[in-house]
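After this come two complexes, each holding chain A, first together with chain B and then together with chain C.
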Partner chain A sequence: MTLDATWTRAWIDRTADVVAAEHTALSELDRQIGDGDHGENLLRGFTAVRAKLADLPADATPGAALKLVATTLISTVGGASGPLLGTAYLKGSAALGDATELDAEALVAFLTAARDGVVLRGKAEVGDKTMIDAWTPAVDAAAAAAADGASPAAVLRAAADAAATGAASTEPLVARKGRASYLGERAVGHRDPGAQSSSLIIAAAADAADGSSKES
Partner chain B sequence: MKKLINDPSDVVDEAVAGFGAAHADLVVVSHDPTFVRRSAAPVPGKVALVSGGGSGHEPLHAGFVGLGMLSAAVPGPVFTSPTPDPIVAATQAVDAGAGVLYIVKNYTGDVLNFETAADLAEAEGITVRTVLVDDDVAVKDSLYTAGRRGVAGTVVVEKTAGAAAERGDSLDAVAEVARRTNAATRSMGVALSAGTVPHAGEPSFTLADDEVEIGIGIHGEPGRERIPLEPVDAIVDRLLDAVTDDLGLASGERVLLFVNGMGGTPLVELYIAYRRAAEALEARGVEVYRSLVGSYVTSLEMQGMSITLTRLDDELTELWDAPVETVALRRGR
Partner chain C sequence: MPTIGIVVVSHSAKIAEGVVDLARQMAPTTTLVAAGGTDDGSVGTSFDKISAALAEASRGGGAVVLCDLGSAILTSETAVDFLDDADKQRVVIADAPLVEGTVAAAVSAETGGDLEAVAAAARTATGVADAHADERDLRGGDAVERSAVLVNASGLHARPAADLVTHASRFQADVTVNGVDAKSLLRIMGLNVGVGSTVAVMATGPDAAAAVDDLITLIEGGFGEKAR
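For the complex of A and B:
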């Protein structure tokens, strides 16, 4: 079983829906330890992504669609999350190449390259209270699931579950990167907004895969 | 939230349009992408200076575009750095072939977007150097944080580097002046109340009537410590001690003393603070050689102030004194 361009578009659509539904909550998380605009920034980005997706050729590969997401986020989001998430999609899409059918291994390669892109730009590690705390467990869980012979949808579900746990795990942490790092101990008890949004994005990928599987 | 705005999503566009209309003698405003450039730019042979960052810090950054300071400023959304596209467009608009210096406040978003813009501009054949401003002493342990923030000291760096560019220095020499100014500059701030981002609709943090926040940045992010309200002299001593200790100021040295309002504090209070800071420096044997008092790097309507000191040598003094003609700072013209 594989996932194709239909899944990619469904994922992007679901992500835009989730961001629209959750942007206030994301900004509220950001208000507690940052400056309160994370949800607004992502909403601006994914609204632009949805508009641009309409112009994408019907036969565009998953890699091409995700590259469009990357460039659109980089040129519309700003702040730290624009370059970071944009680089994730950019490196991830490059890892997919021209593939039209994505198997479990391709999805692991995508997630790994995306995570590595965020690390490259933001230079954060697990435990710094950043989006890496969602991405790295997601990559590890996806790789483990793929090694066990899981389907692409199951690989994404494993990644989504691990990302959600990872996002929750940021709550007791002192931030060492980004704006929350200025708070010292006072960041403790608050979930990192970037880890939370990354977890929502990865969950949307799994939800889209479930939808695609049922439809096919 | 009570603000003189129309739609929150139009705030930056409408403000930049008004800025351009009001100051058409000094600046030209570009829309889509949004940036503000000096009307004379590009100036043949001269190194260009580009800065920018989130809006809401007015007059920073567009207020310092003009002769002797910035060639262009790129205002992002409120408290959010601009994306690389307008930074690249501004760079192309002001580059005169002598290279472009980016003056970037050390905030993760600003750094990442200017870094990406520099890569893109270099790919277009424009030589770019970047200097990070990180004058805020409130952020102590830079190993475990994003590092010191760039705050009010940005104005001093833009002024001296702008003057160096105006006198014809090379790109590397202008960058060196900017680095040297930053290394000689330290700041620390206090907030009595937070500003309100138009989109968010509520203050980024709340303080009780008898509380102040010490060590605030300029994006509404809380500081390091919340303490009971004290008379202004005691608060000034607190900020000044942190700044002078970090700078390692010794008796006999000369400084620029800059008392910056955060947007919601009247000048009368800033001058009370200035008076105390000047007295305290004098008592330490430090000569207040130049001064600046006013709201130059603000955080919307945040109540509060910051104190900035720059250790002055002969060259930095000369560059500080050099003519400047911008919306927010004019001298010698």
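For the complex of A and C:
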């Protein structure tokens, strides 16, 4: 069982929907420990992504679609999450190459490369109260699920569950990177908006895979 | 000779333009490019603006990039990542305070500094809030000391100050001029030394004597400017 370009487009579409639905809540999280624009920035980015996706040739590979997401986010988001998420999609898409069918191993490779891209750009570690706190547990859970022989959809579900737990785990932390690090102890008790949005993006991947599986 | 351009990246278009205006006062012929704000003019940073600024500023031989907060650095690093390998070698993102770093880098570029020298000049701008932060007394031990009288009519202004810092930076020795770090352009400019003043050069380290001789020759020679 594999996922293809239909899943990729469904994932991007669902992500744009989720960002549109959650952008106010994301900005509210950011208002508490940052500069309050995370939701609006992602909304601007994924609105642009959706517009560009419509122009992408029908036979574009998953990698090509995700590379388009990367370059669009980098040039439209305007905040730190633009280059961070953009680099994640960029490195992830490079890991997929020209593949048209993605198996569990390909998805693990994608998630790993995406996470490594965020680390390369932001130099954060687990526990710094950043989006890495969602990405790294997601990568670990996906790799474990794939090693157990899980389907691509199950790999993504495992990643999504771990990312959600990881995002929640940022609440008691003191931030060590980004704008929230200026707040010291005052950031304690607030969830990191970047970890939350990354968790939503990974959940959208799992939801899109469930949808794709039911349709096929 | 290749010239180095400067890119000023800020979340605010006004800040970036203002910093460029300020630096241009001291570096009128250097290519200074502002890349502030998002594409639609709001607060944030723009990959496309920074990429375009990099292309423009590095045309002469290379570019040094100065940034303000978080995403300015992230977006600049991402823009550099997208360059060809050859072009990547011609760009340095300097870790320095935006205003002071840009001024120091611009003066170095104006006086013919190469990529490494311009980036190093930017980095000398750290900690300028306390003008005496790195004042030091090298006396005692094996310090070498000599004095000279400044002959330049306009005093130790930007160009000779940059010249002095460039010379001092070539030595391993710790060198001070009137008690401040001779490798820091902003410290030297901050001395406000006028014509006829005595300039004391002191150094410690393996090549201290050579460093002092070099700087004294430079000062006595009026930094190559005609005495007026």
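Note that the second predicted complex is superposed on the first by the 216 of 216 C-alpha atoms of A that agree within 3 Å, B and C clash if a C-alpha of one lies under 4 Å from a C-alpha of the other, contacts with A are read in each partner's own complex, and residues count from 1 in each chain.
By our rule, a residue touches a chain if its C-beta (ideal position, glycine included) is under 8 Å from a C-beta of that chain, and two chains touch if they have at least 3 such contacts.
These figures come from a predicted structure and were not determined experimentally.
The superposed arrangement places chain B and chain C in clashing positions on chain A. Looking at the shared chain after the overlay, A:R121 reaches both chain B and chain C. Chain A is touched at more residues by one of its partners, and among chain B and chain C that partner is B.
Legend: residue contacts after superposition of the two complexes on their common chain; A:R186 is shown touching chain B, with no touch to chain C.
By the touch criterion stated above, A:T76 is placed in contact with chain B and with chain C alike. Legend: residue contacts after superposition of the two complexes on their common chain; A:Q196 is shown touching neither chain B nor chain C. In the superposed pair of complexes, A:T136 makes contact with neither chain B nor chain C. Shared-chain residue A:G36: touches chain B; no touch with chain C. Residue contacts after overlaying the shared chain place A:S27 against chain B, while chain C stays out of touching range.
Note on the superposed arrangement: chain C collides with the chain B stretch 312-320, while the other options among 24-32, 222-230, 258-266 or 312-320 stay free of clashes. The interface of chain A with chain B overlaps its interface with chain C at residues 37, 41, 74-84, 121-122, 178-179. The residues of chain A lying in touch with chain C in their complex are 37, 41, 74-84, 86-87, 121-122, 178-179. Within the complex formed with chain A, the residues of chain C that make contact are 38-39, 42, 44-48, 69-71, 74-75, 77-78, 81. Residues 27, 31, 34-37, 40-41, 44, 74-84, 121-122, 174-179, 181-184, 186 of chain A touch chain B in their complex.
By the touch criterion given at the top, residues 76-85, 107-109, 112-113, 115-116, 138-139, 144-146, 149, 197, 199-200, 204, 217, 219-224 of chain B touch chain A in their complex.
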